[in-house]
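What follows is a set of structures for review.
Paired with subunit B in one complex and with subunit C in the other, subunit A is shared by the two complexes that follow.
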Partner chain A sequence: MTEDIRAIIREHARLTVDVATLADDADLYQAGMTSHASVNLMLALEEKFDVEFPERMLRRRAFENIAAIRAAVEELTAEKAG
Partner chain B sequence: MAEQASAWVTLAHKIGASVLTAHVDDVDRASRFPRESIDALRAEKFLGLFIPKELGGGGASLADLTGVCHALGQYCASTGMVYAMHQIQIACMMRHYKGAEFFAGYLRECAKDELLIASATTELGPQGNTRMSSCALEYDGDEVKLEKNTPVISYGLEADGILVTSRRTVDSPPSDQAATLVKKSQYTLEKTMEWDTLGMRGTCSHGFMFRGKAHKSQVLATPFAEVSQQTMLPVAHTTWTSLWSGIAVDAVNRARAFVRAEARRQPGVTPPSALRLAETMNTLHLLRANVMDGIREYERVMDDSEALSGLGFAIRMNNLKVSTTQLTPQVVGQALAVCGIAGYKSNTKFSLGRHLRDAHGGALMVANDRILGTNSNLLLVYKDE
Partner chain C sequence: MSISVPQTPAEKKFYDELVAHKLLIPCDVPGVFGRGGVFEDVVDRLMMLISKHGGGDGAEIQRYPPLLSRNTFVQSGYLKSFPQMIGVVHSFVGKDPEHKKLLERVDQGETWSDDFPHADLVLTPAACYPVYPQAKGTLEAKGKLVDIMSYCMRHEPSGDPARMQMFRQREYVRVGTPEQIDEFRETWAKRSMTIMVEQLQLAAHRDVANDPFFGRGGKMLAMNQRDAALKHEILIPICSTEKPTACVSINYHQEHFGHLFEIRQPNGEYAHTSCIGFGLERTTLALLHTHGLAPAEWPKSVREHLGL
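Moving on, here comes the complex of A and B:
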């Protein structure tokens, strides 16, 4: 899943650095992601993983690094499965 | 219209009716800083009004602050805008300094000496997109150096300090910003553009090349993204819309006086302009109701950082700004239709030229299309709950 997330970030987050150089806990906003780009990232993640981020998750912090995004997606896919 | 009659608001009306009214035409005509008005507000401790009591300020609520802006806007919109801009900078510092010693001390100084703080967010290059900077803080030991080419700093030459946004470090991308408070003794301003505008002429928002040096403790530790979302935008949009709607209230007051005078001339015959006045009043109520609701919404979530970070809140504050800046010139235009030539002339007690010119500043002060663009983006993922 982390690889899929990284691929989506590469395509949509418009970072000013190569995502391959970033650790899972590196701050994506400090790597150049704007709030406008973060919305595109959310849309691409919803499409790829067939989930909908609820309002409570639509926060800066929920998308601030790869680990946080993974946790959010996992929580939603687990809810769906359960 | 019904106001919360706090002591601050009552006093603001008193100063407005005397000092602001006495100087507003000259301030507008000469495009000069409303010095007498700001001095009068200073004398009554209005600049420190929003600073918490424990830091020596007035400890006023957002309702008080916006009530004061609304009052000032009815007498001199430029004074109201200078006042609002100053309070936005104060709010950013006091809500985000996180106990930092420099800012606690500086806010105390602001309250004690009634310092006036300006804002340099807009930059040549990123232009109206305040969430992007090209200039950057250059660290040299404990010192930071900053140069910013700014198209507008309202009352830059009159300020005691400027809160300047920039990239956080020379290695940071444009959207990774910080806000730094630079004191007057620490910067120079080289004027690059003259402020000679349609309206809001007394804000003296010239363009400058800003060059400053500060101690690194003068950089707010909270990322500007957070400061902007939780404080700068909502305080700006609630105070600005309060003063803009003040312009509309005064325009309607003039129209009412005009219609009353007409009615007195022929008692028993309702003047034709009365119908237009009724219509204008209707739009004014819509405008004010929206502003009051926006203020209540911000007050409700002010200390809830979770709600403040939500998309729903951002969309609501953006809409407050867009609709108010559309309705304010509309109301002034309607009032002008009521007053006719007496309103069109610049030398009658019904003159509305200044109101109309000032009212048109709102839509460009952060372009409405830019704000609607942000909302259209957020709405792609926002789900009401």
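Moving on, here comes the complex of A and C:
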């Protein structure tokens, strides 16, 4: 899943650095992601993983690094499976 | 009024009073009004009061018609964030046969808007937008400070007289370094409360706010904006005390417009921008609601500050 997330970040987050150089806990906003880019990232993640982020997750924190995104997507896919 | 939008009892009462006193002149579309002489006199005096506070800062005065070019509008990103608010200008370009057909369609009550292609113009949604494209390039050390006023269009038909579809914003717009923006925001946060609370004696308070960004992505933008406290509003009860009306907004766009319009600080980084906007109609309505419909009877000190 982490590789899928990295691929979506590469396409949608408009980082100023190569996502391959970033650790899972590196701050994506520091790496150049704007608020508007984070919205595009959110929508692309929803499409890829067939989930819908609830309102409580539509915050800066939920998309600030790869680990946080993975945790959020895992939580939503687990909810769906359960 | 042939209004097709809901109105609370308080909104209806105030609306009817404003119309009866010829302060506002309604038309057959909600949220669009003519302004009577007494109303307009208060607006003029508010403009002067705001100038008394900001006029010594060396701002460049600019006045624009309430229009933006399509290019500037698209570049501004407004279409991404607020598509629901936009008013676009379309104009007829046909010849006699098309004109004849057009009139027939109008007569028959058919849709005729597709005879009007886009005229490369969009109604200004916020007074500060014309400032950014002309700031393109590298700023001087002192940055840029502009005093601007324009009618603005927001497509949000409402029965609340304080939510107009076309209204005036008087703004000061600052373009510069983050430090220059901090100073500007602090100065105007104080000045705007002095104007509203001390001088105009309105029951105003300041709060963190967010713009009405569109859609689910917009929820995220709104929360980001709130978390970072990028927008503050001065709220005054007009038709509701639970939901007071935003009469002033102080906005910090960070490098959003610097990036979109290629404006740079002297050190080469993208410029930061901020604006303070006074809603001239809303502040006038707050005065009329708070102090009464006859400005001649307003408290003496309020009248003095307005030069009434």
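As a convention for this text, the second predicted complex is superposed on the first by the 82 of 82 C-alpha atoms of A that agree within 3 Å, B and C clash if a C-alpha of one lies under 4 Å from a C-alpha of the other, contacts with A are read in each partner's own complex, and residues count from 1 in each chain.
Here is the rule we use: a residue touches a chain if its C-beta (ideal position, glycine included) is under 8 Å from a C-beta of that chain, and two chains touch if they have at least 3 such contacts.
Note that the structure is predicted; figures quoted are calculated from it, not measured.
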Residues of subunit A touched, compared between subunit B and subunit C (which is higher): B
Interface residues of subunit A shared between complexes with subunit B and subunit C: 34-36, 39, 42-43, 53, 55, 58-60
Residue ranges of subunit A touching subunit C (in the complex, touch as defined): 34-36, 38-40, 42-43, 53, 55, 58-60
Contact set on subunit A toward subunit B in their complex: 15-16, 29-36, 39, 42-43, 46, 52-56, 58-61
Complex contacts: residues of subunit C adjacent to subunit A: 77, 80-81, 216-221, 223-225, 227, 256, 259
Contact footprint of subunit A on subunit B as seen in their complex: 131-132, 168, 172-176, 223, 225-226, 229, 306, 309-312, 374, 377-378, 380-385
